[in-house]
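Okay, got some structures for you below.
Both of the next two complexes hold chain A, though its partner changes from chain B to chain C.
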Partner chain A sequence: MYSPAIRKILKAKGIKAGDRISVRKKGKTVEGLLMPKTGFSDPDSVVVKLDNGYNIGIRHEKGTLISRSKKKEPGEILEEEKFEMGKIRKSLLKVKFDPKKPKVTLLSVGGTISSRVDYRTGGVYALETPQELLHNIPELADIVNLKMRSPFTKMSEDMDHEDWQELAKHVARELNSGKKGVIITHGTDTLHYTAAALSFFLGNLSKPVVLVGSQRSSDRGSSDAGMNLICASHVATGKIAEVGTCMHGSTNDDYCHFIRGTKVRKMHTSRRDAFRPINESPLTRVWPDGKTEVMNRNHRTRGEGKVEVDARFEPRVALIKVYPGSDPDMIEYYVKKGYRGFVLEVPGLGHAPTKVARKPWTEIIKKYTEKGITFVCAPQTIYGRINPNVYTNLRLLYHDAGAIPGEDMLPETAYVKLGWVLGHTRDPKKVREMMLTNYAGEITRRTEMDTFSDEGLNE
Partner chain B sequence: MNEYEKLGLKCGIEIHQQLDTEHKLFCNCACRLSDSDPVSSFSRKLRPVAGETGGIDPAALHEILKNKSFHYSVYPRESCMVEGDEEPPHDLNMEGLDMALTIGLLMDCSIPDEIHMMRKTVIDGSNTSGFQRTAIIGTGGKIKTSFGDVGITNLCLEEEACQILKKEEGRVYYGLDRLGIPLVEIGTSPDIRTPEQAREVAGKLGMIVRSTGKAKRGLGTIRQDINVSIKGGARVEIKGAQNLRMIPDLIRKETERQRSLLEIRKELKKMKFRKVSPEVFHVSHIFRESGSNITRGKSTYAVLIPGFSGFLKRKITPTRTLGNEIANHVRAKSNLKGIIHSDEELESYRLSREFDFLSEHLKARKGDTLIIAVGDGENAGKTMKVVADRINQLIEGVPEETRRALENGDTEYMRPLPGASRLYPETDIPPIVISKKMLDNIRKNLPELIEDRHRKIKKYLTEKMKIGDEVSAQIIKFDKRELFDKLIKSGYGKNIVATTLTSTLRYLERKENVDVKKLKDTHFLETFRALKEGKISKEAIPEILKAFSERPSERIEDVIGKGGGALSGDELRKTVLKTIRENENLLKDPRGEKILLGLVMKKVRGRAEAKKVIELLRKEMGK
Partner chain C sequence: MYSPAIRKILKAKGIKAGDRISVRKKGKTVEGLLMPKTGFSDPDSVVVKLDNGYNIGIRHEKGTLISRSKKKEPGEILEEEKFEMGKIRKSLLKVKFDPKKPKVTLLSVGGTISSRVDYRTGGVYALETPQELLHNIPELADIVNLKMRSPFTKMSEDMDHEDWQELAKHVARELNSGKKGVIITHGTDTLHYTAAALSFFLGNLSKPVVLVGSQRSSDRGSSDAGMNLICASHVATGKIAEVGTCMHGSTNDDYCHFIRGTKVRKMHTSRRDAFRPINESPLTRVWPDGKTEVMNRNHRTRGEGKVEVDARFEPRVALIKVYPGSDPDMIEYYVKKGYRGFVLEVPGLGHAPTKVARKPWTEIIKKYTEKGITFVCAPQTIYGRINPNVYTNLRLLYHDAGAIPGEDMLPETAYVKLGWVLGHTRDPKKVREMMLTNYAGEITRRTEMDTFSDEGLNE
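And now, the complex of A and B:
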């Protein structure tokens, strides 16, 4: 926001963002368009877009004169420039999806992939119509007939289980009304949490549900958004009936990986190929031209049958990292707040500090397990499998104290699953049974050799 | 009024100069081209978004980009994930900003109170992100020149792009090392009125940037573009003037080119020449059996342009014809490499008979032009359209375009003038406040302009040291002032020092391929000390310096010992005697002594004083 002083002047002169103004300061005059004020910019500086396209900030001080400019904006805005400015030309409205193509619904809940930039102001807006999407990614018209819906829009870091529940309802509605598949555009930061949640919530799934985002903002020529959506469209009309993410498989713009929703994790803050399968291979590798290579035969294939939503979720579940010196008293804090289950991210094969440590965890785990609270352990190493037997300490933790070894589940997936399981039952025996049962590929019986990090990923 | 004023010549200059900062503009990589091999590479495609459609229909652009892939070579120390477009930019390099502000103040620019970094769309693959980060640092400045002030319209701080390593059909290969090196862009108003003024301005701009002490030197570290227009002509942007010397030539020839095009327009108007849309005839049957490799066995197509005869061979500059220009457009805009037309020396193509047949076949009249293109029907058709379009443009006048500088001072068509690039805020970098305090600080510490420093040195050398103008200029040019002072302070004669530092070094470098860069100050100090102590003669200096350049870690004693020092009396006598014996015929020659002196001096290569040699010669010859 501009400072109150500046806002007062603008209001008095009837000037708003986008108007042509003239700023006179210390004998020099600057002409241009008034830009809206964005965060991080000094509220006392007026931001002006010069005729050469550059923005500058002019600090408003005593003696600075801001007025409407009498000069006309140079030149006419060409049709082509309107495209460049993110505005839609009338001719574009003719661009439509082909009704003969497979019907897929695109549910947009946020992320840069589903937004566009106003190139004049730099402002970001949600893409709203199919025309806008096709305008940027015309290839989609050859693959799918997309219907676009936006149940809500949120930054993915602001989401929680209620958003996952809402989304699941919409997905089911679309799949059960004859769509071949559903694509969900979503921010990348917690994309894998949503993917895991939908994997559990969507029972009897027989069609693809593809979550897709982009790591590079869609305003730039290098954005991965286009290719990711094109590949997602192929997956959504393909044979694999799973919930999964579809993002770049390498830093090259060559192929995407469709990765099981319960086995995927964002493994880098910013790389295009940040999304990696953990402890298994991607389901398929997909090229923008539609070529598909199945990499993992463990999947359901397309069929008929209605999706049954079972999105019960107990939100009083916490994901806690256990590290040297961590204080088990935080469990007391949570339990007092009514929490019923914990996923502990534990080092190595599944160790928690024992009574030898100055802050032991095993006692408190035993204490509350006996009171009916659930503790599931998942690998802090991300990769690998929890083992309850190999060390004495492990046996104490799992066989004696009663913690549940989370097999080869990702900590994030285990968290989502525990919330889902506790949403169904409070009976500790049943909770244990469900946590150790495989529902959506989150637990595998065998880990192939080439599934650690980059090994085998980019052959 | 000079001829350029009459023509209404207007020029502007734009330079891009790399800065030698400690690291790149938005990351901590080294600012240099790598001297090692790439460790890996990756490939990307770009999608058309806002900006730089360059006048092309967005759908057409989509088609073009669809079939293009860009391949980037990764260098371990000179590129990181920021260059790879896999990590957001780090904070703006303050050293670079400081330098840009310094340059802005040196040029009297207005500096904004808040700098906003922008994204400028670039989709030729030379920026991995699809845009260039650029910010305006100064506007409304001016520089003083010998012909008045020249306005500086903009000073920008921006990132360098990747350099092209290789271009193939559908693929471009780039190196990531150059991407992200800081650049300052300086653009002038079109206040320049003559070719020589342009050279002066370009030189001045470069000098101002170099005065900061942080301009990168070397090939490719500075790019100079010139905008040229004449009255009635059009603004043409010339890219790639390699050095200052080329600039006046480029402007002269461009002025001539525009003038010629305007004249051609006048003539065409007089002739009532109408726009053409010629039918493309398939004439392979005429050309297939020709004696020319160009057409034999291939498909040939032809058009007829009525009344156009003689125009294609017209010189539009002393070294370029209109035909060259059309062929250039054909190469740039179509898939074929050129055309052959009836204005040319058809015998040299071995096609004069075929053109006669063609002329008959198309019922051409005297005064008509025939043009052929060799290729398949579709490509030939496209080519002929390019030809016709360019011919039709002649009626309109001079087209605005971007042209490439050629070595002989001509220019060739490169691409249409870019539309205003779409610039939008770079939201990953917060705006930077330029406080009054920051500017005052920079203002207090402005560097001395190199030209002012040189003026002072010149004054010192010529007035105080009494060194001649020429030699002074050379000392300044080769940056030897400090060494000069050092040597003078050590008590060595200023003339011999000045000569050694200028003409001797130049001679060694040019005529004897000596790597003078290997010479350190100590080499000169030792050499002059030996001279002072009589251990060597002044004629020996070149030989000694040459030896030092080859074996820089040796001491003077070793250099002299290995035949670099003065010859002993005995050795010299032996040489003189030998020379006399070898040239006994000269003993009777009146100029004999002089010639013999020359021969001996050549043999001893400065390791003896001429005085001594003459003494010995006279002694021996007298015998």
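And now, the complex of A and C:
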């Protein structure tokens, strides 16, 4: 139960738990739903559920003003707030970059890193200009001469291959016009799909392309946006000419990992160190002061050649999960719609239901492989490698039915690659050959066993 | 290049790289394809690719006999080999269990743990009797009085809900007839799906149900079968009455982890420590000598009640991956086939393409939710929790279109649960309520943040 002082105010204003309230204290306003007081928390603090889902407690002291909200719905912006937001924007114009520093282009395409939480409404807003992002990161001016452009703006869940193609063109244009490297700010949810796509789309890559997002928006105290961008600036001016992501390497603000675009996966919904390298080490560990430790010698170094875009992509490709009870007939549905290829995310060493009473996957795969459709299997375990040789069922799937064992490629990477390969050829033999050829580090011939260590273990 | 001595033999017998050979040394025979000599390996060792895909090198010494294989194809068993295999089987009959030890039933349903590699052919064979498994594990007799039964035998990729139902009945019958616990030996590829199914199917569980597999077959030096079974025997006679898996907790043969059946996932194709707890700690760490460390206090303890089976299951449920460019129309295909529910494995905090030129997922979900079909979203990141509140697109998906945010449930667990829930009710409100109710530890209200630590990092 709340303290008598708070209960008195609530009663006087007719406010009940669940009502939308606004709490003003020391010039700041927090807005959201009043939560009932539970458990052992401080009875003198009002608990408010922000519209972003987080609860905060505000200690009721002299001068704290609790009132019913004026807003009719979450996300509404009142006139007086617009004025305040305008003031913040004006202050951003002060960020000046040094023309003597290495030139780097930042392409801003959206996501949390281009958003901010309005603490008064709890809603998340896109920044109106990409420059707003730099408001709190004056250190960038010491590292790079940053030019910002925003070819388009999308939340990452809404992006697809046309956005990847558009982005590849912009990256190549920037790199071929004298920039030292390119940074892309992007939503995190599909950041690794875009990273894989650019890895295949950008040929003869001679400079770094660094994808950066943030798991917490840039105006939050715990935001990873600033450090990720600072480390990305070091990577973009560094020696390694690869497409990769640069995100927190731990939950402390100590270093970032630059991870190859074809070997990276978002492995946690919310943690700042959610991006992990799968089946290989990060390329580098980068500290905010520029210190860089090379962790993986398998990489290209900076060169001078012209970057080429080869972004042809067949979108009629699907990524399908195979599991106990899964229905292979759905392949027929896709084929009728004109689909040319499938990545199957299969259990274990690469299995699909084979000796089953209902229709086995192997039967459907064999039928359509013979008609020139491609099936590539990738590990549902995420970590590890498809091994087509160990068991009889595996022989049936790969040697008899004709599925392609996707080696240690991530399912997501295999999906992007299959679209790219089918954008280049429809000859099934050539498709097979290309799927098993390493173009952008997506296949490692030998897995470093210690790239899978202690996850999930509470030690 | 091989050493002159080896080259001379190969030349004399007309053997070339790629030929099927047999190498006999110290009474043992290895058979497979002769590999060309590459790299820095010992030129005095013959490298043979076994039919299981592994390469081994055999040092050529006095008495080593290299010859062309007599076999026409991989997996063929010669008459003389059958005799040797018979001898091994007879020795198994010697395993005797002590009737004074706690009674435990081992239900053997297949998988690698019930198989062995024939090193002479490289093929993998099912054991003819479950007893063969115990050949090398006399320690079991010191822990339990083991009764073995094999209700059916399948490789785990071929199992489905009918096998889970069958297995649940057998488990309940054994537990209700005075056994201290049940051990199930099972293929590893879908072990976690079966573990989740039994977690929901077995009501009023008062004793341990321990699922065990092995990543390497029981006759290999590096096999995990023995230690996993020994630790499982301790769990089956222990205090915790949960369904869970008992597999290696590290790559050393030091301890196993007993992991809750609804929170476990195979996270590596081949490593012995592939099974990981997701979003919580293992229930216990168990050493082969019986030492047990409780790691998670959230568990049921042993009781006396009768175990009940409630295994009704609606198989017309699908687990679908949502990704950039994914096609929501496929839902229509499934609905026409009579499907009642879908688990969507979605990126990030729980997104699906929303503001896209082609048909958005939210539109299809809304359309069919209104017709009584259920959509549950689970994290594609594997680790973490769906948060339906942070972004506008999330509000559209969960608040407007009516998808159910699957909290921190694994996609595979959510799939099994949805089939089980739809086996009990078709009322959409009741389905939603049940999907958001925690029945078997599948939903944790608060994630322990340190259950996701260093995976993928080479440290």
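In this section, the second predicted complex is superposed on the first by the 335 of 459 C-alpha atoms of A that agree within 3 Å, B and C clash if a C-alpha of one lies under 4 Å from a C-alpha of the other, contacts with A are read in each partner's own complex, and residues count from 1 in each chain.
In this text, a residue touches a chain if its C-beta (ideal position, glycine included) is under 8 Å from a C-beta of that chain, and two chains touch if they have at least 3 such contacts.
In this text, all values refer to a predicted model and were calculated from it rather than measured experimentally.
*Asks:* Is the number of chain A residues in contact higher for chain B or for chain C?
*Replies:* Here the partner covering more residues of chain A is C.
*Asks:* Regarding the shared-chain residue A:270, is it in contact with chain B (first), chain C (second), both, or neither?
*Replies:* Both partners, chain B and chain C.
*Asks:* A:415 contacts which: chain B (first), chain C (second), both, neither?
*Replies:* Only chain C is touched by A:415; chain B is not.
*Asks:* Look at A:28 in the shared chain and tell me whether it touches chain B only, chain C only, both, or neither; answer first, second, both or neither.
*Replies:* Only chain B is touched by A:28; chain C is not.
*Asks:* Please work out whether A:185 is in contact with chain B alone, chain C alone, both, or neither, and reply first, second, both or neither.
*Replies:* neither
*Asks:* Report for A:384: first if it touches chain B alone, second if chain C alone, otherwise both or neither.
*Replies:* second
*Asks:* Applying the document's definition of touch, where does A:223 land relative to chain B and chain C: first, second, both, or neither?
*Replies:* first
*Asks:* Go through the superposed model and pick first if A:345 touches only chain B, second if only chain C, both, or neither.
*Replies:* The answer is second: A:345 touches chain C but not chain B.
*Asks:* In the superposed arrangement, what residues of chain A touch both chain B and chain C?
*Replies:* Touching chain B in the first complex and chain C in the second, residues 52-53, 251, 269-271 of chain A appear in both lists.
*Asks:* Touching chain B in the complex: which residues of chain A?
*Replies:* 28, 38, 40-42, 45, 47, 50, 52-59, 80-81, 83-86, 117, 119-122, 136-138, 216, 218-223, 226-227, 250-254, 269-272
*Asks:* Give every residue of chain B touching chain A within the complex, in rising order.
*Replies:* So the residues of chain B in touch with chain A come to 42-51, 53, 55, 57-59, 62, 69, 81, 84-88, 110, 112-116, 118-123, 128-131, 134-136, 139-140, 154, 156, 419-425, 427, 430-431, 433.
*Asks:* Touching residues of chain C toward chain A in the complex: what are they?
*Replies:* Of all residues in chain C, those touching chain A are 51-53, 75, 123-124, 154-161, 187-190, 193-194, 249, 251, 257, 265-271, 274, 276-278, 281-282, 295, 315, 317-321, 323-327, 329-330, 333-334, 337, 345, 347-356, 379-393, 412, 415, 419, 448-459.
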